[in-house]
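The structures come next, written out as structure tokens.
Two complexes follow with chain A in common, the first pairing it with chain B and the second with chain C.
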Partner chain A sequence: MFVLNGYEYFLGFLLICSLVPVLAFVTARLVRPHPEGVERRITYESGMEPIGGAWIQFNIRYYMFALVFVIFDVETVFLYPWAVAFNQLGLLAFVEALIFIAILVVGLVYAWRKGALEWS
Partner chain B sequence: MNSGIDLQGSFIQLLVDLGLPVEVARVAWLPLPMLLVLVGATLGVLVTTWLERKISAAAQQRIGPEFAGPLGMLIPIADGLKLLVKEDIIPAKADSLLFTLGPAIVVIPVFLSFLIVPFGQNLLITDLGIGVFLWISLSSIAPIGLLMAGYASNNKYSLLGGLRAAAQSISYEIPLALSVVAIVMMSNSLSTIDIVQQQSGYGILGWNVWRQPIGFLIFWIAALAECERLPFDLPEAEEELVAGYQTEYAGIKFGLFYLGSYVNLVLSSLFVSVLYLGGWNFIIPIESLASWLSISESTPWLQVLTGSLGIIMTLLKAYLLVFLAILLRWTLPRVRIDQLLDLGWKFLLPVSLVNLLLTAALKLTFPFAFGG
Partner chain C sequence: MNLADGVQIVSFGVLALMMLGAALGVVLLENIVYSAFLLGGVFISIAGLYILLNAGFVAAAQVLIYVGAVNVLILFGIMLVNKRQNFVPLRNAWVGKITTAAVCLGLFALLGTMVLATPWAISTAPVAGDTSTVVIGMHFFSDFLLPFELASVLLLMALIGAIVLARREFLPDALEREETQQPVLTLPERPRELASAAPGSPDRTLGTSPTQRNV
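Entry: the complex of A and B
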């Protein structure tokens, strides 16, 4: 039934963990008060009437970090199998990983120089 | 190697002896360790919140909670009950589905990561081959929940807080994952059991922290940032953003965020103790002590002693780190968002790459000391 050994535990635990928020919501619904009122559902803006919504086009800075993140996250994922098998691979694998990391470091330096890692 | 106590085997054997088929006995065993770990994690959070209050009070020369139970120990339960009976406000302009899903998505992966935390030789839910990588991948799900919560609230503070939280946790995830790569390389395995076993045998001298001092510091800094602890608590910087992505949350949904962040702190501390501080190992190796006193390793009372000492050691190391995190909260000022991202990208990322290559080079030069 399970191709990957041990993952029935993962599925079981996923189910049990998913019950935590469900149980919390259900219990809270049973015991909490349900007051009515329009004012209490106004968006909080330090006691002022909110001006405009928050669903607007947002600053590009965050997306630059997200893009650089994707590159380095994939790099990290590639490095995991290399690290696990490193004791059988020897010097050649070390040089290869050195080249691989060097290419990505060039990318990091490029992003750095272009200002992708600057906040302002 | 002493395999320790096989609780699963004994439990299944007991049920089979009672006349149940083996398959039923296996299925009956399945939820037991999970529920135990879940309850343990929740208890751990209660203890941590109490410690946080008490240590914070001591750091500020206050007394802290003292009326609810002995030494105020029941205050976390009072907190939890209070959150449970508070009314639940969903802002009129918010997206109610995403607003409700947000805290759930934050809490589930954090609890799920306990699947691979070992408290002893056989004392973990399951020894997946993917091991510590499961934690790395699960920890990247939580930012989605934070972003969801921040965006669904339709509140400017929440949006800024959610985006900050996402930017922060993706920035510190890479140094964190890269310092774990160095550990994985020394143990030649992703399994948390193998990682701890590779550190055993020499007592305190065999722990990874001596071979990976840079990795240890990177991991600890990145883990604090992932948990949004001070000095990295920008997403909920109360002076600037009210409460960040939690601004619109009330009642049990806020409670789930609170629970999630504390479980995450306990979990990160447990992982530091597993990856760097020898997990369940005692300061002196028990096996050599036993053979020096000429006691057989398979003596039942010795096995029980080793098992319970393992749990105590793991928790002791983890709570020492929790203590450190709480002290750091009252020692360091909060960094700015540009300083935070600079530290992550321009300092920790290059240093963790260098640390990884250094580990690889040292492993080639001294195969014995770095896990052959």
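Entry: the complex of A and C
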């Protein structure tokens, strides 16, 4: 049994969305001039001249932010059913969710104190 | 066959093709960055299949966690290691290949027997659909309360462990000295002469760039 309730708009949206880049590239190909030369091969970097290659080692701090993000992403997934079923659940569930958040706030405070959220 | 059935079959076909193509790309492509991006395509296709199975919450969790977090983590991991070097062919590589083939064939046989043994009768029970998220929430706060609270402790442990590992507090001194000696090219404070000396950089073409000529 298949319902697809409420996903009709999503499907239509997806189809229209996938048309946007195709149309943009086709229009650009029709309209743009066709210059030859080495400048065409340069990586576009917001109008700046690119320095060095793009395949460089990135800073490990990006990884720290990604790790912290993953933790709170998973927390969001756990809290979403609670938010949806909030009216059916009682005060006890509210307290339990608060305990859940409090344990993770300890982690946030630890990350903050250790400077994991700062760039320098 | 009405319109909804047709849409379902077409969507399933498109999603299955997307998933198989992306999965083959992950395995077969030489460039690891392309593999990582195609892995995101596999995850998105799986989320689409979940939607086709009326599991909206699982699909949202799939996109949020696997595409949004795990795949980004994999990409960052790739960006952190940039040793572009020619790999030395491994001696006795056939042992590893035979082991891999045996493990993969065993997995395939296991899954094949499971597919054949499963009764694929269509359940007549009403589909939970949109209310499934509420049902999951009810379970979280009744019979699955302890795993729910333990999950937060697990997340806390993961967070603290990640920070301790990334801050390198417990690194031996010798290792640390060795690492500080070699200049590492990083994005924010990248020394210009080091960067321009890197092979394959398009510096030769810079002098003729249109912006400079116009000035």
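We adopt the following convention: the second predicted complex is superposed on the first by the 103 of 120 C-alpha atoms of A that agree within 3 Å, B and C clash if a C-alpha of one lies under 4 Å from a C-alpha of the other, contacts with A are read in each partner's own complex, and residues count from 1 in each chain.
Following the convention adopted for this analysis, a contact is a pair of C-beta atoms (placed from the backbone, for glycine too) under 8 Å apart; a residue touches a chain by one contact, two chains touch by 3 or more.
Remember, it's a predicted structure, so these values are computed and weren't measured experimentally.
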{"item": "Fit or clash between chain C and chain B when superposed on chain A", "value": "fit"}
{"item": "First (chain B), second (chain C), both or neither touched by A:L98", "value": "first"}
{"item": "Touching partner for A:G53 - first (chain B), second (chain C), both, neither", "value": "both"}
{"item": "Touched partner set for A:D73, first chain B, second chain C, both or neither", "value": "both"}
{"item": "Chain B versus chain C as contact partner of A:V84, first or second or both or neither", "value": "both"}
{"item": "Which superposed partner A:Y110 touches (first chain B, second chain C, both, neither)", "value": "second"}
{"item": "Chain B versus chain C as contact partner of A:Y7, first or second or both or neither", "value": "both"}
{"item": "First (chain B), second (chain C), both or neither touched by A:T27", "value": "first"}
{"item": "Smallest separation in angstrom, by C-alpha atoms, between chain B and chain C in the superposition", "value": "6"}
{"item": "Shared chain A contacts, counted only where both chain B and chain C touch the same residue", "value": "5-7, 38, 41-43, 50, 53, 55, 58, 62, 66, 68-69, 73, 76, 80, 83-86, 97, 101"}
{"item": "Residue numbers on chain A that touch chain C, as the complex places them", "value": "1-7, 11, 37-39, 41-43, 47, 49-53, 55-60, 62-64, 66-71, 73-78, 80-86, 88-89, 92-93, 96-97, 99-101, 103-104, 106-107, 110-111, 114, 116"}
{"item": "Complex contacts: residues of chain C adjacent to chain A", "value": "4-5, 7-8, 11, 51-52, 54, 57, 60-61, 64-65, 68-70, 72-73, 76-77, 79-82, 84, 122, 127, 129-130, 133-134, 136-138, 140-141, 145, 148-149, 151-153, 155-156, 158-160, 162-163, 166-167, 184-188, 190, 192, 195-196, 198, 200-203, 205-206, 208-212"}
{"item": "Residues of chain A defined as touching chain B within the complex", "value": "5-10, 12-14, 16-18, 20-22, 24-25, 27-29, 31-35, 38, 40-46, 50, 53-55, 58, 62, 65-66, 68-69, 72-73, 76, 79-80, 83-87, 90-91, 94, 97-98, 101, 105, 108, 112, 117-120"}
{"item": "Residue ranges of chain B touching chain A (in the complex, touch as defined)", "value": "30-31, 34-35, 38, 84-94, 100, 103-104, 107-108, 111-112, 114-115, 125-129, 133-134, 140, 151, 153-159, 163, 166-167, 170-171, 173-174, 177-178, 181-182, 184-185, 188-190, 242, 247-248, 251-253, 255-256, 337-338, 341-342, 345-346, 349-350, 353, 356-357, 360-361, 363-364, 367, 371-372"}
